[in-house]
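One chain, subunit A, links the two complexes that follow: it is found with subunit B in the first and with subunit C in the second.
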Partner chain A sequence: MAPFANRCIKCDSCQKACPVVTIEGLRSFSGPRGLAVDSSRFPEDAEALRDNLYKCTACFRCGDVCPARLPLTGQIMALRRSIFAKDKALGGHARILANIDQHRRSIEPAARRPEAKPSDAKLLYFPGCIAENRLPIIYQSTASLLTKGKAAFRVPERWSCCGAPLEKVGDSERLRLVREENLRFFDGFERLVTSCPGCTTHFIQDYGLEPLHTIELLYEVVGVRKLPALPSHRKVKVALHQPCHLARTVGQHVIDYAAEILQRLPGVRLVEMEDADRCCGGGGGVVAGHPDVALALAKAKVESAKRAKADLIVAPCPFCVMNISRAGGVETVDFTNFLDARLK
Partner chain B sequence: MLRELPPIKVDALVIGHGASGLMAASALASQNNNVLVVGKGATATSMSTGCISYIRKDILRQERGAIDLEALARSVHPFNDIMERGSLALEEVLLQVSSFFQRSLSDQGLEMTDDAFHFFDMLTNAGTMYSCSIAPSFTASGRLDRLREGSLALLGIEGHRDLDPRLVAAMCAGHVDGVRVRPYWRKLDCMGHGGMTATEAAARFKNGGTQELIKTISDLEEDSVAIPPLFGLQSVHKGMSELCSESEKNVFELVTPMSLPGLRLQDAMERSAVGHGCHLMKNHLVTRLEVKRERAVSALIETPTRRQAVSFNSLILATGDLVGGGLALAGREVVDPFSTFKVGWFGKTEPLPGQTRYDAAMRQVVEAGYLVTHEMRLMTKEGRPFENAFGAGSTLASFSFPTGVGLGGELLTAWIAAEYAKEGS
Partner chain C sequence: MARVEALVIGGGATGAGVARDLALRGVEVLLLERGDFCNGASGGNHGMLHSGARYAVKDPGSAADCASESRVLRRIAPYCIEDCGGVFVSLPEDDPTYPDRFERACKSTGVVYSPLTVQEARGIEPELSPEIRSAFSVNDASLDPFALVLGNMESARDAGAKVLNYKSIQSFKVGRGSIDEVIFRDAVTGEADKVKPEVVVNAAGAWAGELAAMARVKLEVQVDKGTMVVIDGRHTRGLVNRLRSPTNGDIVVPNHSSTIIGTTSAPMSRPGPACATKEDVQELSQQATRICPSLAKGRAVRAYAGIRALSPAATGRDASRGYQVVEHSRQGVDNLVSILGGKLTTYRLMAEKTADLACLTLGSTRSGRTAQAPLCEDEGEPHLEGSLQMYSRRIWRKYGPGREKVLAACAQRSRGTEVVCSCEQVLLGELEHFAAHPDVRTLSDLTRRTRAGMGYCQSGMCALQALSSLASRTEQDPKRMLEEFLSERWKGLSPVLEGDQLRQEVLKRYLLTGTYHLSIREGGC
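So, the complex of A and B:
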């Protein structure tokens, strides 16, 4: 039994905060307390929870509100590790594993992808699987912003998926493999920057590196606030989505940075979106494992943006952009993409 | 490994984002102080019923010892001190606190009813009666009068766990204040199937629920109808007004802990603090404090991956009780997690007649907390008052729920703490 289970005071704060409970109800999803606390008492029955366990988006909201400060998301991931078996993986998860085995990417690589130019710059940019293969505009915008800010950078010639998706699937073996590979590939750098908050968090917590998220680099190092903005741009009401791994794991300061950067752009008005820090459904391997849950959460996010009368959702995370876009209804763009288009 | 962010400097740092911390922060910020509030974890405030109990004036006026309820006597300790020293006119302060508080909440859409510390009797969702003195407008507060004119329907919504009408009817034996109550279970299509938490119910209810509920309410024969909480902060005033006006009935929510009313209070107080100009950092934990003799100088705040030093002129500690980690347990002793301030309690360590050692130890654990002077100054372990560090709310000795008097007394401590803290800023 997880030794912490007895510290739960049964306050239900986690169940109320969990976005998946709100979508799924308690009948088909046990919720954070049900999984991490109650089920942890019966590890022998974990197998029966397979479907249930993989609905969690690893958004960290439950552990954040838990007054007993129980590491609920971590415990759910531990349960996933305990039942991991390649042949039992959900359809989408089996594809992730196959892609890792074949291409060292979590998704099918795109036919054309941005090319890494060799250089000896000390700043290493890790674009991650999505920005390289699904939304290359993020890769290009980041490169363009770094160039505008005169920050010399390079992308590692070879890299593997950081492993965050493998962690969510529960596959410790492949996770170790990609970590060891990356630590070999990343040589001679002084600073590491990532587009995806999931990669940022994973490099810190699993690799022991000290990466910055793009927004941290742009704000703290590149001084993006001093770069000149294009004067007149069409007026736009922007809802800033707060990705789970930025708002909760890296820290709210990144959201504050993002808001400050956006606010000073001509024509941009930030509108307050209800539940801005509620998971869009993009995390935890849920898009691959339970696409219906991920889509329902994305729709809820779009509804919040509509209620806030936003013209546009800006999301500083490739995964979020991809998932929210699936719901349609309000255009969703990545932070770097939006920013780059508005700076000289 | 935690990356160090550039250090920041503020006039006042408030640790804890519950009612006490936010109240002190708002009060300080409204006087042009640059205030940072840091908090992590669900607050007791968000779990409360969202109704504010108050220390009764008659109790406050009495001498210590002359009060019948021993627990209350202990909990008013600092106020007796204030009265004795006459440094602040208590009645004046009470009025200031409640008007500032209500104005701030009403700016955020949470209308509260109060009758200058008169106690309201309300019906809870467990069928028991409950008293408080400031309550959200659409609870049973101030509505029991209107109840006397007719009969009351208890309307349970299938799947919504907050109100079981049969339980309430059985608990109050079919009558509230002489008025007949009648339980109903009704199904709302918008709510779908299955048991649900209050927030989940509110999310489902957003999809066309109001119209469906108006029809359901209009079909009942009673002219007063009690319902479970269904609206979030943004829509509660509009939604409840609409239910009342469209059905032409007296519709109100039952008082419910661990549900929307507490979450609304928390939400409104957070918004109010931000509205007053505070910077609110949720999801951040204060892990260390640095003090130089009787002055607190700086604190370290952490996220799971980053850390930052904050220096300040004054500090307000409003970290709540044991449950939220505002206090810690070491063996049987309640201790200060920062190992900086004096913690204690006002009771006797020896068991009272008829009590076991265990009972006595439990009482001590529940009642222990930070000790403060009448100006809410925290003390060094040796008992010397701090120049610039103040305590507020349920983290203080005897203020923790359920031995304390609840939110009313705590807001008062927060106000006093802010009064003295601002002199240091």
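So, the complex of A and C:
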């Protein structure tokens, strides 16, 4: 039994807050309590719950609303570790493992990787798999913003996937491997910055490092509010999506920074989107494991933005941008991309 | 008027065992229980299949019986036994000569054991205190007493016995040296009925003396209260026993989703309702955490007490756990046989000896078959549709011979596979099946059969579902049924209410009594 499971009083707060429960219903998904508390009291059922376990998007909302603050998401990940077997990995997850083995990236790499320039800068930028291979605009925008803010940085010459997707799959062996490699590759830096909240969270929780997310670095160190913005010829209504790992594990302050930065931009009007902190479905390995669940959550996000009459969804997370874009309907861009385009 | 060859009075393990034994011998049997089955000691124990080790030193006769009977039960009732093994461990403050005596006694009574190093013992049970000195492993196991007793009832019925609960004995008509007629009453409707038995078996446990008195014979019974505490979650792999002369708080038993700490021993002047007290709970927790310190972090969800009926020679811990079959002809009643004492582990043997004597009275020479005939055949894991597969093992463990009917109810009913009690993972189909069963009259009856409501939330989440399953089938006032049930749960909760269990109870009160304006009796007993 999980050491905390006997602290639950079944208040159902977690079940009501879980985004996957709202999509799937409790009849086909047992929810955070079912997974983290009930099934940890009946370990013999964990294997039978495999499908259910891999529907969790690891959004941390359950633990956040729990009056006893039980680490429910952590327990779900622990259960995934306990039932992980490579030969039983879901299709999308098997691809992640194969990519790690072959390329040390969680996804199939793009044809050309941006070249890392040798430098002795003390600021290390870790772009992560998505910004390098799927949404290079994030890589470029981050680099551009750091340059505008006169923050000298370098990208490690070699790096491996941070391991966050492996944690979500439950593969502790490969996770240990990439962690050890990265800690070797990262040798000699003063500060680590990441543009992906997944990487940021993973470096904090698994590596014990103290990375900054791009927004924190821009706000706290670079002083992005002082950088001159371009004038705007038209007004744009922006809904700020709150990525789970940014809002709930790195901290709500990052969302506040992001909102403040956006509000200062000429022509930008932030609109309140219902459930802005509800998971878009992009996390937890659900896009790879249960794409239908991920898509349904992305659609719900787009609907919220539409109801708020937003022209654009800005999401400070590559996974969120990718997944919300799959639903279509409202254009979704990354925060750094949006910001960089509006600063001189 | 109805005639019957054998009337068995008492629906605990012994009565169920006697009814089954006689029925398998072809005797026509009626069993009457005044409450629900497992009303007394059979429902108030820690669910332990004794290897015999606990009694080896002090009570070698019981130890030898336990040793052989535990082997028989593993063969005939594997469904309700979790063969998790056990260890005996001593602490620095325990009598240092005891381990040697223990070893010699196990050897001479045929109790299987093997000595362990401290390291080996902590390898088997990682939660054991680092202070332990001596250790032995034994063949103890965890046994579900409800599943065992109800399985016996089911099997007795299959063999032709008539088994009724909620029938209390009003009087015996004794004439010319035997009981001619027995008058009994339905506990709920009050309706009276009578039966002419050829032989009467008194298996009323702690109440056997009172029952004998109704036939104007004297039967001395020592009544002893034992308390147990239920801790949420499993804290040990197998049973953990204190290696010392039996004392309070010596035993830790993993059972379903919980761990049970037992037990105390306190003589009572006469049988009656037994309740756990705060002091009992405190003592048990203190003692058990000496052996397994992690239990201190566990959440006590409930405490309960059972009443042992012991042989009259000595009291409390000194009384033998042996049994006694008493034939009352010398006291002027030829057709009454009483059975006293014993253990849950030895119930079958006791039942067989009692049935032998009853058959002698009936003039029958057929011998018992219960040592060979399994309570149900294990047909292996069934292949079931969808999520039911996941629950099938638990359903087998709880219902044994009744498994097929329960599985069918879950599969056939709409929402039948929905979990309605998440603490114990009980399905709606299980509740519905038993709610429709003629034995089931109260919500507590449903709990005893399905385990719904036994878990850490103590029915907070399943009580209304259980009520809706049952209320539509009875004439009783649903509000009163719920109040009755919650008052019963309260008895077990009040001695353990603190920390998370208190938070839990506050939530439950808010949801149930707040919403439905229930009044719950908060007295003990």
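For this structure, a couple of remarks:
Everything that follows uses one rule, which is that the second predicted complex is superposed on the first by the 343 of 344 C-alpha atoms of A that agree within 3 Å, B and C clash if a C-alpha of one lies under 4 Å from a C-alpha of the other, contacts with A are read in each partner's own complex, and residues count from 1 in each chain.
We take it that a residue touches a chain if its C-beta (ideal position, glycine included) is under 8 Å from a C-beta of that chain, and two chains touch if they have at least 3 such contacts.
Predicted model, so just to flag it, every value in this text is computed and none were measured.
In the superposition on chain A, A:Asp101 makes contact with neither subunit B nor subunit C.
In the superposition on chain A, no contact is made by A:Asp292 with either subunit B or subunit C.
Within the superposed three-chain model, A:Arg27 lies in touch with subunit B and with subunit C [touch as defined at top]. Touch criterion met: A:Val65 reaches subunit B, while subunit C stays clear of it. In the superposition on chain A, contact of A:Glu44 is made with subunit C only, not with subunit B. A count of residues in subunit A touched by subunit B and by subunit C gives the higher number to B.
By the touch criterion defined above, A:Glu210 lies against subunit B but remains apart from subunit C after alignment on the C-alpha atoms of chain A. Of the two partner chains placed around the shared chain by superposition, subunit C is the only one that A:Ala5 touches, whereas subunit B remains out of contact.
Applying the stated touch rule to the two superposed structures, the overlap between the subunit B and subunit C interfaces on subunit A comprises residues 9, 11, 27, 68.
Against subunit B, in their complex, subunit A makes its touches with residues 9, 11-13, 15-17, 21-22, 25-27, 64-69, 200-201, 204-205, 208, 210, 212, 220, 247-253, 274, 300.
Considering their complex, residues 1, 3, 5-11, 27, 30, 33-34, 38, 41-42, 44-45, 48-49, 68 of subunit A touch subunit C.
Per the touch definition, subunit B reaches subunit A in the complex via residues 1, 3, 5-6, 40-44, 46-47, 192-200, 203, 234, 258, 263, 281-284, 303-306, 308, 323-325. Every residue of subunit C that touches subunit A in the complex is listed here, in rising order: 232-234, 257, 297-299, 387, 389-390, 393-394, 418-419, 422-423, 425, 456-457, 460-461, 500, 503-504, 507.
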